[in-house]
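Order as written gives the chain letters A, B and C; numbering starts at 1 within each chain.
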């Protein structure tokens, strides 16, 4: 199917299935039940899950395949957002030009950054990319304020030119749309005490994620992808096999930059705002974490990692002391107080602490990420030799 | 006709003359060994062939083109493949992937953005890679990860990768260094088989004289940065200059 | 002329901080071969040692002061630091006033212990792992450390003043016989620079004149050989890490009066310090120190109004620009040695 072998086609179908039915899968608990706080089936979060999935898929093409650890990828996402918001302000509220522009501009910017940074490898490369990202961040906050809006960022205004659009009616706020379908349009389906939300923006973003995932499978299975893995494995041998590694790594860098740009453009399409904080180094660190947590170099790992992080970010941030006390209310009071006190630093605003700990634990104990963990568990339970967990490359399988 | 022509090569590091007017020529279709005791300048000479060093004076011509100042991948694309002292392979990839990379390098050149074509659909390349693995009797290990191979098998794999590129000249840098006697003999047999089957030109840089006697048609003996003797193997052993170079050590 | 001297001076304090952090980074990298992204967090923890001590010294109990009354005419309750009870009011006040310098005494053991724990508990297991893993795990640790500090101390900067004696400014203008009050420079910044110079001097002499230091330097030049000599490298690695942590911590303690510490100051400095290390040359101690001061001064020149008018925003990116140019033209940095991190 579509030039994929059975296994990869199956993987693609799984991802399509997951994204299409996400509104059901992410809302397993009935409204009003105690567990409803674990539901994630609302539009804003679902959009983020798939958009950051795209970001991580792209990052994985660079880091997972070539081993070049970029610490500045958020810059491309940020640049993509700015390009997108300007299209929305200047041309039209239709999101297509915004998304196209964000991919192109991020691609050009990553070509420039990559061309310079890839002259060095190892930690030098990481620091160069970090330097570029921090530079972009500082400039966006200071000198480039006319283009970036500085601290307030950019939003569409009623008075924007929007040369392709007819004038908005009096009192109508500018909202992003795709040929008349608004991003925040939703259809709610009530089944018993369950409520499922089908959001237009989510499905548009999910459509792009499926395409992005498909392209990433094709890249993984291509001679180009093989060369990228060879770069990671032994650059010296590659050079003495007549291959120049720089064009390959640069191409991978630009492709992953364009993925980041696409993610930035989609973020703008969904919430119609862009700000410099998206370029901060913590944002770059987050995509590294998503990729590693899921499993760098595996196909589906980064998607899982992005979903995991964004889901827990949302859930953990929502938990407050009251909820914590309710959880431990079955215990004697002293024990309850004790456990609440222990868990309190990790919830709510303590999400970053939890995130940092997860990061460390994964790097220490599970460098292959969730995919490796899954495989270890399945190896434990099944006597079957390396069963197919759908990773494709967690342990390098034959190329076909 | 000579395929590799080295003329008047000098190279010094600081005050140390590492190569002193080296001349040699490798004839097409032959096995030519360059031997010499430690410190004779073998590695320096090899580095001049592969673009790592540029000689102070002199020329290194391959197929009537100069090799000097070219990058490793350019030299390889001209038709020079290299076997390393310790086998250099893509250890995270499978045996088959290792070889097919070399096949792609031969077909597509130093860069090709083949990002949306599946490796599996490249039937001619697959066939070629498999044939190469059969040639070095590694086909049954096709899907193993290269790092799990024994040292001898890694050497075979490296040979298969080099041969897949159909080089005009195969440079071997001490191919048996650090090997046990049995492995050394296996490697010698492998090289002989390959040479007899394909008639490929080989230049072997070697420290151990015994390795090359059964292989080489011509031997250049390098000592203190200069070629002291160039002759057939049977004439080398008895040559007093050679014995002095090896036994007398550096003086 | 005034302006130039002033900018050089202004660059010195930031440059001192860069140099001290970069020195520690280089020590750890050179000896242990580990890229420590948590080094900025150590700087930050040092600063919070000062905050902690200063808060501790200010711990008070309320007593009724019979001599004063509040606006309702009732006897006034005043806060009396516990420390008055120990040392009397005058000495107590002096101690509170000198909280920041006194914190050095607290910071040294605290930082050394934190350094030991970090090396033994975490870093040690990453010697043989790829640099990417080292970066990632220390990056995670940096997040954890700064979030812990944020949890206990909040997100806002905490002003921590210098002793009153150093509150004023030194009039360099008068000193050099130029315009008086042309070059005004706070005393504490001079103290900071002198302190940094002392620390740097101490680290260098420690490395040069002690046997321990000789082994460490030999280890930086050729780790394998030193290992072969049968010298117990492990123990020395741990001590080196403790030393580097202490240097970063002290840099943080003394920096508090210049910039009120907050939980993310470590990362702000770390990114720049890494750039400093790269510019100076990975593995070169003198390169790190030199580049630290150089970039600090350069940054302060870039902040001149006249420069900003021609090149707006240059002060924000000058260090990164220099780093990019240096890396592209002198890949080993200004004083880098061959073979360090070049695989």
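Going forward, contacts are C-beta pairs under 8 Å (C-beta built on N, C-alpha and C of every residue); 3 or more make two chains touch, one makes a residue touch a chain.
Remember, predicted model here, so these are calculated numbers, not experimental data.
Farthest from chain A, judged by the mean position of CA atoms in each chain, is B. Think of the whole protein's Cα atoms as having one middle point; the chain whose own Cα middle lies nearest to it is A.
Chain geometry summary: the mean Cα position of chain B and that of chain C are 53 Å apart. Chain geometry summary: the mean Cα position of chain A and that of chain B are 46 Å apart. Each chain gets one centre point, the mean of its Cα atoms, and the points for chain A and chain C are 35 Å apart. Not a single residue position of chain B touches two or more of the other chains.
Remark: chain B residues 50, 71-73, 76-77, 81-82, 84, 88-94, 96-97, 100-102, 104-106, 108-122, 126, 142-143, 145, 161, 165 touch chain A in the complex. On the chain A side of its complex with chain C, the touching residues are 67, 69, 71, 116, 119-120, 122-124, 126-128, 130-132, 134-135, 138-139, 141-144, 281-282, 285, 288-289, 292, 345, 350, 352-353, 355-360, 363-364, 367. Residues 3-5, 215, 218-219, 221-227, 229-230, 232-234, 236-244, 247-248, 251, 255, 395-400 of chain A are the ones that touch chain B when the two sit in their complex.
Residues of chain C that touch chain A in their complex: 35, 122, 125, 129, 131-133, 135-137, 139-144, 147-148, 151, 267, 271, 274-275, 278, 282, 312-313, 316-317, 320-321, 323-324, 327-328, 331, 341-343.
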